[in-house]
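Got a structure here, written out as structure tokens. Questions coming.
Letters A, B, C and D mark the chains in the order given here, with residues in each chain numbered from 1 onward.
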Amino acid sequence: MKPEFIAEFCGTALLLALVVGSGIMGDRLAVGSDALALLANSLATGAGLYVLILTLGPVSGAQFNPAVSALLAWRGAQTWSIAGGYVVAQFSGAVAGVLLAHAMFAEELLQVSTHVRAGPAQWLSELVATGGLLGVIVLCLRHQPAALPQAVGLYIMAAYWFTASTSFANPAVTVARALTDTFAGIAPASVPGFIGAQVLVVVVVGLFFKVRAGRRS
Amino acid sequence: MKPEFIAEFCGTALLLALVVGSGIMGDRLAVGSDALALLANSLATGAGLYVLILTLGPVSGAQFNPAVSALLAWRGAQTWSIAGGYVVAQFSGAVAGVLLAHAMFAEELLQVSTHVRAGPAQWLSELVATGGLLGVIVLCLRHQPAALPQAVGLYIMAAYWFTASTSFANPAVTVARALTDTFAGIAPASVPGFIGAQVLVVVVVGLFFKVRAGRRS
Amino acid sequence: MKPEFIAEFCGTALLLALVVGSGIMGDRLAVGSDALALLANSLATGAGLYVLILTLGPVSGAQFNPAVSALLAWRGAQTWSIAGGYVVAQFSGAVAGVLLAHAMFAEELLQVSTHVRAGPAQWLSELVATGGLLGVIVLCLRHQPAALPQAVGLYIMAAYWFTASTSFANPAVTVARALTDTFAGIAPASVPGFIGAQVLVVVVVGLFFKVRAGRRS
Amino acid sequence: MKPEFIAEFCGTALLLALVVGSGIMGDRLAVGSDALALLANSLATGAGLYVLILTLGPVSGAQFNPAVSALLAWRGAQTWSIAGGYVVAQFSGAVAGVLLAHAMFAEELLQVSTHVRAGPAQWLSELVATGGLLGVIVLCLRHQPAALPQAVGLYIMAAYWFTASTSFANPAVTVARALTDTFAGIAPASVPGFIGAQVLVVVVVGLFFKVRAGRRS
């Protein structure tokens, strides 16, 4: 198996273990103070994302996100066949990461979230969160690719707080978080709305680049 | 439309979405603990500012602040016509960012703040905050321009805490924050005092450089 | 005495003073909020680790961890004799650091922890924590060695939260923390399980590299 | 007046405004949670120190600390006459910074602290804090001077938590903090013990380098 697929699988798994695990730890220790739980959750996620992108970036690009893999393929930065393999690795890794977090915290392995996250405000938040993430990645890759790990880590840390959805911005993360009924969960019924918003952003950004490229040629 | 004006509009809008949005999220979750709300607010703002300056800096200089744009024009680092366009983009972007934060958090779009921030201690705080910000930018641009994103992000994070005004230091931010009756708001009647202090600092710093340049020639 | 042994002794001692000391301070001030205590503990540990690795890295490599020293010797990156000296320095330094923390906080110098940390979930957490740490170090040394201080510091900060064991990942740290009955302690009876998991990871990672090297030749 | 003396005066003043100001803000907002107040205080101080050293380092070396200025003069890195001027600037700047913090927070300008910080555990903490700070500076200047701002900022952030004294490590800071009866204060009667410990470290480190230099020649 190609090392980049292993890197995408492991990286996305560790990302979910990070998000779900630190959510459980924060929630258990904070006993009711959601602000403190989210603070720990957001700081741990931002710090961990930095490390994951720094160490796995040289192997696979550290995309960990079907929205990113699709956009890069659309723009010609990678083949659709690579992107397809990445997306499979990301979805399976994300699910594996949730199971790992449950096992580490002695939770039931298989869970279904009951945390409803829906409505126009939530969907708008996902539009903003995903658009911001793709903007950060595109601009950073163009002007200062070496700063990508800290840019994405700090963006996500901030986006936990400035969007009402706590910024999923990632279809694989969204699906996997439906499988945990802990702090970071999202009810399955709320998943299509979130993924719809994320896909819409990819399509709009992709078309924008296509139109611009067309004008220039 | 020139890409640098779009960058100033979007950057200032996202800055306000960040400040107001993370203020709402912190305030809602912290239920009464203003320390925890301000901690989340300051960490998210610092992290987000780093990302905005890093990614939009190569496009427009990432000024996002009429005080900075005016000072740079005064010192001859950019034309007054560019500075004028930037200031228009900053004020309109700032207002758009507040509306975006309200929409993401399902708040009334149009609000007016009732949070009075006035008196000599608050105005002194704005003098210090603005003077510090301009000092950081001027010294950083001279000696290590590549560190500007982290310098400004960490300065603002710290200034939320060490000034009594939580450090607005930006006329566009001040005006826009009058339009939100949430954690980050400022009552319209308090706006002139804050902007007066900010403008005073720009004038003093500008005159200082002018006098020094005069002496040298 | 060779400077690198002194660096390993002092570095590991300060690491333990950092972990145990900030745990005591956090626990005393937070009066019952374990989330706040762990937040302070994890941020101080991450920040301090960055500084220790940055400043002592050029002297000894800043390993501070028998698991790391053994793996590097196994891979041929250093002699077993150096690794042996490092391990002695690390264990003695770790114990000295706990005593130093107790002295600074006017605690009984000699203590034995009563904090039981056992069971499959805790051991799995140590497998993940140690595997992650070794992965970060190996990948970072290969692709961007200059980023090692921030990578390890931020990894440990995050691992305090995303593993259920708060991530010891270090046999010298584990033994020494059995000698403190404060926030960071671990009951002696729980030590073998933790060290067993840590050693298991070193063996598996070492064999993996051996097999891969064998295939290539 | 030489720009480096102005930089030492302003930098030390802003350092004290940072320490005392964020202490007041944290204490007022946290209403009784000293952990939360110290968390804000330590994060703001670390972030602000980074910015001060980054921006004023190229002007004066950003010493802001009589212990550092004396040690550097002893080692021949600067003349005693420069060091003397720096020390005057640092003490006067430190006092000015406390007054500035009081003015910004509408506190009585002149205060005397009633916060007793004494006893062997506190003095040992100051020995460790000061020794660690000097070690960080000496090693960082030798091996990676460009990382000094983040090394010192993160060291102090961590030292607020891992020493029982919250790490003053600076005679000018110690004297000035006797002049505030707020969160960061120290009773005048406790000042000699702290400064004694700090001076002792400078003497021991200075003699160590002298002896080592003697052996080599």
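Rule of thumb we're sticking to: a contact is a pair of C-beta atoms (placed from the backbone, for glycine too) under 8 Å apart; a residue touches a chain by one contact, two chains touch by 3 or more.
What you see is a predicted model, and the numbers here were worked out from it, not measured in a lab.
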Centroid comparison with subunit D (C-alpha atoms), farthest chain: A
Numbering shared by both copies at the subunit B-subunit A contact, with half separating same from different: different
Rotation angle superposing subunit A onto its copy subunit C by C-alpha atoms, nearest 5 degrees: 90
Distance between chain centroids, defined by C-alpha means - subunit B, subunit D (Å): 29
Rounded Å distance between subunit B and subunit C, as computed from the means of their C-alpha atoms: 41
Per-residue multi-chain contacts in subunit B, two or more chains: 33, 36, 39, 43
Chain pairs that touch, as defined at the top of this document: A-B, A-C, B-D, C-D
Subunit A-touching residues of subunit B, taken from the complex the two chains share: 14, 17-18, 21-22, 25-26, 29-31, 33, 36-37, 39-41, 43-45, 47-48, 50-51, 54-56, 58-59, 100-101, 103-106
Residues of subunit D defined as touching subunit C within the complex: 33-36, 38-39, 42-43, 46, 119-121, 124-125, 128, 132, 135-136, 139-140, 142-144, 147, 150-151, 154-155, 157-164
